[in-house]
Each structure stands twice: as C-alpha cells, then as structure tokens.
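Provided herewith is a single structure, encoded as structure tokens, for subsequent inquiry.
Order of writing sets the chain letters: A, B and C. Residues in each chain are counted from 1.
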Amino acid sequence: MDALTTPLLAGTASGALLLIAALGLSLTFGQMGVINMAHGEFLMVGAYTAYATQQVVTNADLSILVALPVAFVVAGLLGLLLEVAVISWMYRRPLDTLLVTVGVSLVLQQLAKDIFGAQGDPVVGPGWLEGTIPVFGYNWPLRQIFTVVLALGALTALAALLKYTSFGRRIRATVQNRDLAETMGVSTRVVDRITFFVGSGLAGLGGVAVSLISGTNPNLGRAYIISAFLVVVAGGLGQLKGTVIAAFTVGVVTAYFADWTSAAMAQVATFALVVLFLQLRPQGLFTVRTRGLT
Amino acid sequence: MLTEKQSTERFRPVLNSRARRATGTATALAAALILSSCGGSTAGEDGASGSGCVDTSGDSIKLGFLQSTSGVMSISEQTVRDSLSLAMEEINADGGIMGKQIEPVVEDGASDPAIFAEKIEKLLTADCVAAVFGGWTSASRKAMLPVVEANNGLLFYPVQYEGLEASENIYYTGATTNQQIIPAMEFLAAEGAKTLFLAGSDYVFPRTANKIIKQYAAELGIEIVGEEYVPLDDDNWTTQVAKIVAAKPDFVFNTINGSSNVGFIKAYYEQGLGPDTSPIISVSIAEEEAPAMGHPVTGQYAAWNYFESVDSAANSDFIAAFKDKYGAGRPTSDPMEAAYTSLYLYKNIVEKAGSFDVDEVNGASDGVSYDAPEGTVVIDGDNHHISKTALIGQINADNQFDVVFSSDGPIEPDPFLEGYDWWDPAAE
Amino acid sequence: MSPKTLSLLRTFAPLLGIAALAVVMLVVAPAVLSPFRLNSLGKYTCWAIAAVGIGLAWGRGGMLVLGQGVFFGLGGYSMAMHLKLEAAGPDGVPDFMLLYGDGTMPAFWEPFRSGPFTIFAILALPAIAATVLGWAIFKRRVKGAYFAILTQAMAVVFATLLVATIQETGGFNGLNQFTQFFGYNLYDPVNKQMVYSITVVLLIVCLLIVWQLYRSRFGELLVATRDAEERVRFLGHDPANIKLVAFVVAAMMASVGGAMFAPIAGIISPSDVDATASIFLIAGVALGGRALFLGPALGALTVGYGRTSLSEAFPNQWTYFLGAMFIVVILLLPRGVGDLPRLVRSALDRRTSA
C-alpha cells in the first residue's frame, strides 16, 4: 500500500511547490506575454529571506511565520523593480524579455553567491512542523503538508482576488483583450505592475517553502524553473485551473517515475509526456478563447 | 602552397600499430590542410611544450594554484586555496624551496572540467609553472590528467577520491579507497552492522565507491538493502528516504556530494530516522559542512584521515596559524589539511632531488615524508599516493568530530586494491 | 559608383567578409598566437559554428533555440565516442566502463569504431532528432515562447540523462583522454594546428551555406515566416516546413561544432552541453547581431574570448559580465553590436536632414 501512496503524497507536495512557482509565471505570461526566466531566482530570494529572517527572529517557531509576508514583499518588490527598470521597456518584444531575464537571473545567482556563499545556508524548521502524520501507511511529513496548505491558500487568495475585486476584473479584462481594456479606461501599465508584484511575491512564498524542504543555495531556482515552465505550457494560459491541474499532475507523475526508475529518468519521462500532450492540445489544457489568429 | 604529399608528411601520424586510418577521412583532412597551409605554419615548430620551459634561474619559482573560485564548487575549493596560501607563506618566510621564493599563479577552474583542462594547459605551457596544486571533483582531475601527462607536468591533487588511478604526473595527497572506504566498512562490521543502505549523488565517486562497498560487504556478510542515487544538484530526497524507512538498515552509507546533503538530512530526520535507528556514515561531511545541514547531526559518523580534533603538535600549529590568518571562526578540514600537506611534500621532494625537473622529482619522491597535522605521511613512489591513518569520527554537539575508530597506524596506499582478493574490477 | 556595381558589391560583400575572416583565422592567427592560445581560438570557433546555425534559426527564422547544447552534444559525444574507441584500440573498451561498471560495452558504441560512420552520425543524429522534435512542435503550431521553453527543457533533460548514464556516457565526468584524431596523434602540436585549421574551414563552409540560403527563395520565405507566419500560410506555403528546415540545418551546424570541440578541448562533458552552455551560445549571437550575416560567428568568437580573458583577469566577476551583457545588449541593441554602424548612420542622417 505505502509503495503506491508514498509517491502520491510526496508528489502532491512537490506539485504544490510547482504550483506556487507556476502561478506567478502563468499570470505574467498570460497577461503580458512576458517570460520571466528570473522567476526561479525569486524563489531563491524567498528562501534567502527566510534565512535572513531567521538571523533576526531567532525563534525558529516564529521566524517562519514572519518570513512568509516578508518574503512575499521582498520578492514582490524585486519583481516590481525588474518590471519598471527592464521589462516595461520591451513589451513589444516578448521573446527578448526572455533573454534579458536570463541575464538578470545570472546576475542574481552570482549576487547570492557573493553575499551568502555557494555552499548553502540552512533554515531551521519550526518545531511545530517537525514530525509526520501517517496517511495510508506513509508518514507524511508536516513540512510537506504545510507546503500543500500554503499553495492552496495562495491559490484561493489569488482566485478570490481575480474573481471578486475590481482589480481582479481589470486583470481579467487585460488578459482577454488588452487594447479593448485600455480603451475602457483600464490603465494596463498599472495592472501589469501590480500583476508582476503579485506573481513575484508568490514565488517568494514558494521560496520559504523550499527552504524548509531542502537547502538554501544560489542555484535553487534552477531546479524548479524548468518544471514550472512546463507546467505553464501544459496548463495553458490565462486560467488558473489549467495551471493547478498541470502542477499536481506533473508533481505526482514525476514522483511515480522517480519511484519506479530514478530521479533522472523521471525528468526525461515528464518532458516526453509534456511534448506528447502538446500534440493533443497545443494550447495546453485550458485557454482563453480569442478570435485572433496568433 | 604545399603539395598534398608534403602536407601529409607535416601531419605526423601516431607511430602506433593500433592507430587505424580511414583512407577517405585522411584524404579529407589532407585536403583541408592544403586549404590552410598557405601560411602560418611556423607556430608548429616553437610549439614543443612541456616542463622544459620552467625558469629556475631566478630566486623565485612559479607554482600554479588551480581552484574553482566561481561556480558550484567555489566555496569548497576556496578553503583549499586558503590553506595552500598559508603553506606558501610559511615556506616563503622560512626561506622558500631550495632557497627560491614561491611565486603563485592562480587560476579559476569555474567548476567546469573543460575549463580545468584549459587552465592547467595554460599554467604548464604559457606560465611555465613547476607544479600545479588543484582540483577537487573527480571530473576536474580526470580532465586535467591527459593534459598534465602530455606536457609532462606535475599536479598535486588534495581530495579523497575513488581510487583506481595512478599517474606518473599526479601526486594524490587525499585518501584512496583503501584508506577511507574500506576502513569505514571494517568499522561498520565491528559495530555489528548486518544491513546497509547506500545513498549517493549520481556521479563517479559514489558509483565507484559503492561498487567497492558492495563487493566488500559481500565478503563481510553485510547485506545491501538499497542503493539510491539522486542527480548532483537535486535536493529532493523524499521518495528515496521513504525507501530507507521501509528497509530499516543498520547503517546508511552516505556518498552524497555538496548541498544535496541538506535535502537528504532534512528528509532523513523528518521521517523519524536518527543515529539511534539507522545512523549515517558519510565521506563528504566534514567540519565545514556539519553545521550547515539545517538539522543538528550529532551522533552521526564520518570517515576521514584528518579531523580538527586530532591531537598532535603539528595539528595545533596548523590550526593556530590558520585561525590567525583567516579568523577564529574558520574550521579546518581534511581536504584543507591534505592541500597544506601537499605543498610541504613538494618542498621536501624537490629538496631531496635537488631539482625542479619533473623526472628528477619523480625519481626522488619515493619515501619522502612530512610530519603533517594528520600524522607523519610517506610517499609511495610507485603509485604517487601517500600513507594515511584512517579515522572514523562521531559528530558532537559542537559539530566537531570525536574519533571513535582508528586504523593501526598509517595504511599503505593501494589505489587498485591489489591487496584485496575479494576485489574484482570486472564484476558488477 | 554606378547603382549596378553598388548592388553587386552588396551581394558579394558577405563573401569579402568571409575572405577576410579566413585570412585572419588561417594565416594571421597561427602566426601570432602561441599553440595554447590558438587551441583556445579553436574552441571559440566551435561555438561560432553553432552560432551560425542559431543566426539562421533565430535571427532569420525567429525561433529562439535555447537548447542548441543538445545538438552540440550529439556531435560532441559522437566524435568523443569514436576518439575514445580509437584510444582503446581495436576490440578495446573505453577505460571508464571498467571503472564504473563491469567493462561490457553497450551495443550502441560499437559502430562508432568506424570513422566514416562517426562522421555520418555527426550529421544524421542531430538531423533526425531535430526533425522529430521540430515536426512535433511546428506542425502543431507551437511557437514563440512555448518553443523556446521546450528547447530549454530539452537541454536540461539531455544533461540530466548524460549524468545519469554514467556507465554508458561517462556521466558527470564526460569523455576525455583522447590520444588520436583519425589516426593522428593529438598531442603533436602540428596535428593540433591541423585540427584547428579544419575547424576554421568548417566554419567557413557553414557561413557559405548560410550565405547561399539567405540569397535563395527559402531565405526570403524564412524571414517572411518570422515576420508574418499567417500571411505566409495564406500564400499557400506551410510555415512548419520552412521552419523545420532552418531548425534542422541549425541543429546540424551545432553538431559539427560540438564534434570539433571534443578533440580541441580534449574533453566533452554534460556541462559543455547543458542549459547554461546553450544560453552561452545564444549570448554570442545576441551580441554580434542575430540577423546579420557575420554577426553570430563574430559574436561567438568575442564571447568565447571574453570568457577566457575576463575569467583570467577577474575570476569571480565573469558571471556578472555575462549577465550584464545580456541585459544591455538585448535592451539597448536588440540587433547586436553589429548594428551600431547602421544606428550611427541613421542618427547622422537625421542630424543632416534636420
């Protein structure tokens, strides 16, 4: 029994991490067509924020709770800075934003290396997250459950924001038809900036969760960013549900493959499955219908 | 323009009967040569490289220090660079090597094997250094090996490694497998271990080490109840640790490298494992790494040849000098000590040989010794490794290691495990 | 100058550029550079060969290929396998297989004992891989960022696969310790210079191929597809086929570059072909000017040289330079440094006309 449930539960947890990382990507990609390759580094920033917070708030039980909002704001502000300083200058060149942000991610990685060192700094988990809960014969670690709760919480908040607030309506309008939204008086520039802030901030939250599960090192973002992008591609643009389903599917499928074969072969299999899936649905799971040709 | 016949003569084939020649391709290459032979053929003549360009006439001698100061390995390799610099300052203050001051030429290997190969060629042929001290990963050593052999240079490699190698042009001052892994297995047998789980990063050292461990375990009657690898930069050990929980081994043999250890240690403790249930014995966690695991690792074991806690006069001097230069908070570790030792060993060989010439150095190296912080070490001239005492340390609450097991004096290096009849390199 | 000579000059100016490059790299460089530096230049040349292909796919075709390291690696590993078997001798087994495994050689290694087969594989493997992947992607009209992400994921997966197949491909260490190149001793400086010269000749051949493609109807269709894919479709062409050809040619060029990289660098390992290495290839193309004729090759040579010289001078700051270069070039000079003369000229024109 536990041979079957272990990958399911562990995969759900890594799917939750992917979800937090992919939510921000999906938002900015769907709305602005911007591919932010530095998004993984915002995860890294979130993880280091958790580490830095722990140096100030030394009580491990408390520091992680303090770190969550701090990481959201720090990563969000960094994203905002990136938007204002770089990306807003090149909205007409979405593919080029991809390359510029590659440069940004290289700089951020080296910066983290110079500030914190390459070896990695450990975040001590809070006592209330020590231990496991037995679920179908698998001792599901509380940290993983925490990650799932965090991801679902972030998802709910984001969905509510999009659905019920006037700001959310403006985002949805911009996603569906930027020019029309503009003529209706929506300041798409402001919407873009806030979207970028929220998307990057979510990555910061994800970083805190990562810091609990693994080490904190400058290359941390790299491990997640490619899978997160695959999730966005497979999930389709402009709708949250596609991203959610894709994230958990990729997480769980990868975990099963890792269990049957090896961690490396799992990566290969996941990539092959996404390419095959795109044969069936080139636009991803769900997408916003448009009348445009491209 | 040269004729085709002339050009093929300039393109000297290997004088080796094994060399196979595909006529078609050789003609294609010759044709390409004709295209290019209109000029610029002079560089070939003065290109004869090798240690012949080392300048020993002045009152200083150039040595190359080649470590990664960028990329994933930079923090580890920087510690080696630091201890080499310390040894150099001490030797220079003491009059240098044969009266010549060491003049270091430093290069960055960038954690990339191809860059290591490129930089050591630069050090040997362009900077004309007498010897190079460097490398950490097996990949970097394997990349440098053909270059240092082709140029008849010298490389001092300071890290424990997977053995099964000996080069005329490399001196290995870290442990080979019979000085670290095999004693660790003997320790496990003495502890009464019946079952063992192997967890490692997916690269050369863990794969080779585990091949040796599995064969020796069969000899010792220890059952291997699992063997798991995770890519080098992957932190996610969840599913693998679940297998450890299910297997309930007496010990876990940990050959995980670098930061991936953190994810492993976190997942391990999270699943309720600990030194009282399935203790870990590691070959890559030292004083530097132990406090950076994100969870206290008190009670776990590590196999090395040097610990900061080693009680000797040479070690007290080494620690005092190191902390004096780099700060009281900096720990000393096995690879740092091996690098420090390597420079002193080089000094002793050169002074015995009375020459910096590579062949004369090699001729004199057998039996050269040095009272290192780990104890007295002696070079084996046949395989260029050094004798070392194997130690097993248990991590205490201060992240220092209490020695719980020690070999009976220094172990002679046996990189190819010729003295172990259970070893069959051709078996899986 | 009459308009006719001017247009002739415009048509053949690229050939003059190639000729100048050939003289500098085949005559001047070997005369003034030490063997070590010449060998380094050979490495940059390998990257330049791959860059010429990227210029075709990305600059002219608009396909941002972030995974060219894969094709570079297919060529590099094919060549390295052959060199490894040459070093092992007839019926010999590569040394590392005994080190990590039981010394039995996987069956797919066997044909690489043959030199002609290796050369065939260097061209055929990337062509097959690019065709399969390109077909799957372009026919389903997956493009733009999706395409870029998929190619990058492919590079990540490829490197992971190499690291994991330690008994078959040498894993993280990669393949090295080559002794001969098609029968010629690789440690002989004369032969090393020979390998360098072959590499430069291959670069020139690739440039000539691209020159011919740009002049052809295919070149025009490719640019048209980049700028307005739907219109090309409405005109009765299938953009998928056009893109596929450019993608396959680019893949084959990357493979040729990788094949020469193995004997020149003396090693090929996953870190030479992973996502970071692929980004590094793109960097040169972006710097030189993606759509310019000589831009990608010159950019790659510059970035390669910059990597060596900057990492020698500032070992710790190299990554900053690379990152900053991406940001500055893409933001301010999207058409590359090679576009500067045009920018200056148009700025001057504006001033004189004002």
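As a working rule, contacts are C-beta pairs under 8 Å (C-beta built on N, C-alpha and C of every residue); 3 or more make two chains touch, one makes a residue touch a chain.
Keep in mind that this is a model prediction, so the values were computed, not measured.
Note: the chain lying farthest from chain A is B, by mean C-alpha position. Across the two candidate interfaces, A-C and B-C, the one carrying more C-beta contacts is B-C.
Taking the mean of the C-alpha atoms as each chain's centre, chain A and chain B sit 38 Å apart. For the pair chain B and chain C, the distance between mean C-alpha positions equals 33 Å.
Looking at chain C, one finds that residues 160, 163-164, 316, 319 touch two or more other chains. Within chain A, the positions touching two or more other chains are listed as 110, 262, 264.
Shown for chain B are the residues in touch with two or more other chains, namely 70, 202, 229, 231. Taken together, the chain C residues at the contact with chain A in this complex read 62, 64, 133, 136-137, 140-142, 144-146, 148-150, 152-154, 156-157, 160-161, 163-164, 229-230, 275, 279, 282, 286, 316, 319-320, 322-327, 330-331, 334. Listing the residues of chain C that touch chain B in their complex gives 26-31, 33-40, 43, 86, 89-90, 92, 98-103, 114-116, 119, 160, 163-164, 166, 171-174, 176-180, 182-185, 187-194, 197-198, 200-201, 265-269, 271-272, 308, 311-312, 315-316, 318-319.
Put simply, chain B touches chain A in their complex at residues 70-76, 202, 229-231, 233-236, 238-240, 242, 245-246, 258-263, 266-267, 270-272, 288-289, 292-295.
Residue ranges of chain B in contact with chain C, taken from their complex: 10-14, 16, 18-22, 24-26, 29, 32-33, 35-44, 47-49, 69-70, 106-108, 110-115, 117-118, 121-122, 125-126, 137-139, 142-143, 145-147, 150, 162, 164, 202-204, 207-208, 211, 229, 231-232, 425-428.
Chain A makes touch with chain C in their complex at residues 29, 33, 35, 86, 89-90, 93-96, 98-100, 102-107, 109-110, 114, 226, 229-230, 232-233, 262, 264-265, 267-268, 271, 274-275, 278-279, 282, 293-294.
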